[in-house]
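The letters A, B, C and D name the chains in turn, as written, and every chain counts its residues from 1.
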Amino acid sequence: MRIPGLGILKGMRQTGRNFWAPKVTRQYPEERPQMPDRWRGRLDLIYDPFGEHKCEVCFQCAQVCPVEAIDMSGFDSQGNRIRYGLPEIYEERKDPNAYRRAGLPAEPMRNVARWDEAIDTAWLGGVIDGFGARPEALIGIFSAVQERYGYLPERALRLISDTMVIHWAQVFGAAGLGGFRLLPTEGHLVTVCRCAACRFAGGDALLSALSDELGIAPGETSNDGAWSLETSDEVAAGAIAPAIRIDTMIYGPLTAVQARHLVAERRKSAAAPARARTASRPS
Amino acid sequence: MDLLFGILRFLLATTLLLLMTIPTAFVVIQMELKVIAQMQLRYGPNRVGPWGMFQSTIHGFKFLAKEDHIPDQADRATFTLAPWMVYMAAAMSMLVMPFAPGAIAADFNIGIVYFFAVIGLSVVGLLIAGWASYNKYSLLGGLRSAAQMVSYEIPLTLSVVGVVVLGGTLNFRELIAWQQLHGWMLIWQPVGLGIFYIASLAEINRTPFDMVEADSELVAGPFTEYSGMRFGFFFFAEYVALFIMSGVMTALFFGGWLAPWPFPAQLEGFGGTLYGLLWFFLKSYMFVFVAVWLRATLPRVRVDQLMGMAWKVLLPLAMLNLLVTAGAVLVFNL
Amino acid sequence: MADVRRPRPTAEQLGRRRTLSAPAKAGALVRLLLDRFPGLASTIWTDDDTVEVQIDGAGNVALLGDLRDDPELHFWFLADAAAVDYGVGERFEVVYHLYSDLHPAWLRVRARVDRADPHIPTITGLWEGANFHEREMYDMMGILFDGNRDLRRIFMSPDYRSFPQRRDFLLPDDAADSQAAGVNPLERPETWDLTRLEESRAPGVMAGAGDEP
Amino acid sequence: MTSELRIPDPLELEAAEEGRLRAVAGLPPLKRGGGEYAGFESVGLPDRPPQTEREREVYTLDEGEMLVNMGPQHPSTHGVMRLVIKVRGEVVIDIDPVLGYLHRGIEKLCENATYTTVMTYVDPMDYLSAMHNEHAPAIAFEKLFGIKAPPRAEYIRALVVELNRVFSHGLMMGFLALDMGGLTPILYSFINRDDVVDMLSAISGQRMLFNFFRVGGVNFDTNDEFMSRLGTWRAGVLKTIEMSERILTDNEIFRGRTVGMGVLSGAQAIALGVTGPSLRASGVPFDVRKAHPYSIYPELEFDVITQAGGDVYSRYLQRVAELKQSIHLIDQIVDKMPHGPVQAQVPGIIRPRPGRAYAAVESPRGLYSVYAISDGGPNPYRFRMRDPSFVSLQALPKLMPGRLIADTMAVMASFDPVMGGVDK
């Protein structure tokens, strides 16, 4: 036999007791929750076994984000500063404060892409027309532009994007492929492949040998501006690993001694005309 | 001159009372927010003002700032009228509320009758709101409110009749005077008190009898389509009614402004008024607290159980109570 | 989206039977099934906790009814009913998974349905709860269950015209109709012009393209 | 196994009662049958002809009936679902659940994902039992690959799965009360849930969509943080559960609304495909953990709990009992947990041989199963998930006729459907 009201009183006793009990709510801004060590709830880039970021700054995530929430910048495999986001933020990104906030050295990097590049728009339009303004022709157009200017000026990429109605990020992403340069160089460029295959085949030794030979570290340019040393993820397929590229020529497979010899030969032939800027060969 | 004075006095009293409903509602809402939170092991609002005191006030201003939306197919005139009717019913019943000696706005001799007449008006407002909204939930909620309030008026009133028979008066002040002489009505009318409390919860749509709103079934019942200050009026009216019902229960069963023990003896003049106010509010808010406590504990009664309780339990009980009371009055010539 | 570039295997490849010695767990059930339904003997397949038979779609109600009502089999519980599409030109399969507390193995009944004319009798007469499964199969695969009195779409909107889980369904829905509606042309191999790709070669890979000797 | 229970049709009873009352009041009896097709405009949709017999039946209104849309945005539809309720006054005549508002095509997504990434897609299915959602695919894929998870991995799996069950059942208590207007139990339930998800995030790194199971094991081994949190939680969990219990179990109002409400007989439940605690509350002792043991459940000691009533109150009691049972299972698992690796050797290229695998687990809502077909490619050829709450929803139209609108919510909450699972 149940006494009516007893169950209600039992519940009221519970709530009444809890009225005085210590509270369990976290007072958020003052009281921060202790996140577990394995907490995955924050965005973080992951590293490959070689200790480098796995993010290749390909912007694919930013492209597919439906609400355009991703706004990112970084350095591609050649050390160029590249970015994706609203155009009005680009300028802000060059601001020293923005660098500081991003944890980068406060002075702007030497290889920030330039906006004031003069581009022969009529010529570029002709090239695009010649290729038929199809997305798959991008590579051909890029190579034409690079042949003329020695690198891919940002203005030219913009123009290609606008003319061909291809998303800017796609143009930029395609330009990140091996073989294209996004900033002008003054002298010869030696690119050492850093793909997994080349590394296993002794790419690291190759790099240190070349660095020793040229007297510069990867990513630097020699004092006279004639030689630059860079690394890239994709100089060639693994079949000729380890490979290097001198300007547009690919060599491989090489041993460290061979590579050193090759570069030394080239340096001796000397006084090679700087190929950037001045080249104005018709396409 | 007398007429002018009377009109002035009337205007002053009504304005004061109308204005008083707003802080009353704020206090009761704040109490509900805070007490329920504490019972649910939360802190409740604690950011606006010291201890979050002004949270409900901010709620009030928020209502003012919100868009006042009227549905396309709603009946505009009645839709606008409904919140006022509900709110006025609550505010007008404040007129006879015996706060303290000398602090009754209208101390007339049928105060209890007036009170039950006026508080029952709110059902009209809810019914109109339900009908005017052009919404099925609103309509169901409005009809529920009509059924519920009409049924619960009867045991509610009958339980008070016992008090009236015993006290021999329909005036709140005299009833309190009677309680000063004979002890609180609580002792004489325990069954009446129980019926009154349950029926009054149902009358003002409080949990566990909040069929009208029933947020998990009818979204918000008749208030579904209301927004902004119009909803605010319903909201305030509900909490003012809670306070009023607690106040009336204090006056009828718990000796109104009387202190629970005779010391210090009932003061005279302004001091007496203040002392009475203290006790009146203390007791009233205690019953508000109990109502909030119930809300924190109980689930909602189903609509048929609710009606069954009114007609099958409370009404016979109230009748019996009245019979016994009347018999006792006759026999013992109280 | 069905990956149109990768050729899908045929039904024969998918449905090829492993001839296993029936594990002890399902052995009794296999013997019982062979005894009761000798016609299904060639289709029985087992792995360690499942016994599978294949039937023709039209016979599903009779077989499932027998399986349910036979006191020795007593498969009283319909655990799952799902549809599988084996691709254009092949067939649909409606797959029932049954449970019986007399046998420690799931019984899987695969009922073939003609893909060109996908009709199969409903089993809502046996288990009322199959209704939602059948509605889902209709919605996603477009299989029609004869006799189901509530066969309408369950997830997609009622005015939807396509069947999203069929193998030949491309995303978005009308990609098959319009050339590039909403689909990135780079992802549509049929629009690729391979002859032009030859011309637009990548620089650097071709030796001698530069100005060096 | 099943008890044949003759339940009088509540609608008949209701009609008889109403007829009697109308006769007393001197009103003519309401006309029954031969109603008119009301069309979809009455629920605010563009009008179209009915597609099936059943649809015509629902949308045909007799005298005095109307259609009420409950959802897709409604305080108590447990997600986004729409119930088209045909009511006469407050009495429910018929219910038609309309699903698909949360449909994400997870099966299709999984068929285009690799075997390892499927685990991330099944998580948001039934988001209150994400661990169970991962368990079934893990078992099915292990069958396809022909590998076995190491014993410690199986124990960790069982541990996290039971933890998940504890908070899921706890939340059901709260939601049931909330749907009946009780505000407090849900907040007490969330105390428990918060402890558990904190604990699970200590082991898996996420609070809600854990992505913890791997083909052939689990992502992480237990760590000190997890074990210490588990100990603290274990010491206080029964107290927290009891707080809700004290408010609900003996409460007269709660009992008055749930006892005898929505009675589902065993035979009916089996026919409708209702599984899990709801089926066991109808007296059918079917629990996949016992009926078709998987993982380490054969090694644990537990009984299948059943209730006799089959009503909402029994389903509530069943959940509470299973919750306590799960806590005892957790004790056993922690006691018996062996040492060893938590991940089996999985081949580098994850391509199983062509084949088919079916795996079922007992999720807090019932039998959750996965049927995976491999064609030898890197992603499943067909990936089918059977979600228990999807199937259980069919019971609603069977139980509600003759009851009141208010009971719809209580009965629905007693099946504890999660729309993420229903709509896939």
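Just so we're on the same page, contacts are C-beta pairs under 8 Å (C-beta built on N, C-alpha and C of every residue); 3 or more make two chains touch, one makes a residue touch a chain.
Since we're looking at a predicted model, the values are computed, not measured.
Enquirer: Give the label of the chain whose average Cα location is farthest from that of chain A.
Expert: B
Enquirer: Any idea which two chains share the most contacting C-beta pairs?
Expert: C-D
Enquirer: Between chain B and chain C, what distance separates the C-alpha centroids? Give it in angstrom.
Expert: So the centre of chain B lies 64 Å away from the centre of chain C.
Enquirer: If you average the CA atoms of chain C and of chain D, how many Å lie between those two points?
Expert: Taking the average C-alpha coordinate of chain C and of chain D, the gap between them is 25 Å.
Enquirer: Round to the nearest whole Å and give the separation of the Cα centres of chain A and chain D.
Expert: The answer is 47 Å.
Enquirer: Centroid from C-alpha atoms only, then distance chain A to chain C, rounded to Å. What do you get?
Expert: Here the centre of chain C sits 43 Å away from the centre of chain A.
Enquirer: Find every residue in chain A that makes contact with two or more other chains and list them.
Expert: Residues 8, 11, 14-15, 18, 24 of chain A each touch two or more of the other chains.
Enquirer: Where in chain D do residues touch two or more of the other chains?
Expert: Where chain D meets two or more other chains at a single residue, that happens at 184, 191, 247-248, 251, 253-254.
Enquirer: Could you say which residues in chain B touch two or more other chains, in rising order?
Expert: 39-42, 296-298
Enquirer: Going by the contact rule at the top, pick out the chain D residues touching chain A in the complex.
Expert: 184, 191, 198, 201-207, 220, 223, 225-226, 243, 246-255
Enquirer: Report the residues of chain C in contact with chain D in the complex, numbered from low to high.
Expert: Within the complex, chain C contacts chain D at residues 1, 3, 6, 8-9, 13-14, 16, 18, 47-50, 52, 76-80, 82, 84-85, 95, 97, 99, 101, 104, 106, 108, 127-133, 140, 149-159, 164-165.
Enquirer: Within their complex, state which residues of chain A touch chain B.
Expert: For this pair, the touching residues of chain A are 8, 11-12, 14-16, 18-19, 21, 23-25, 27.
Enquirer: Which of the residues in chain B come into contact with chain D in the complex?
Expert: Touching chain D: residues 36, 39-42, 136-137, 140, 144, 207-208, 210, 214-219, 295-305 of chain B.
Enquirer: Quick check on the complex: what are the chain A residues that touch chain D?
Expert: It comes out as residues 2, 4-8, 10-11, 13-15, 18, 24, 35-41.
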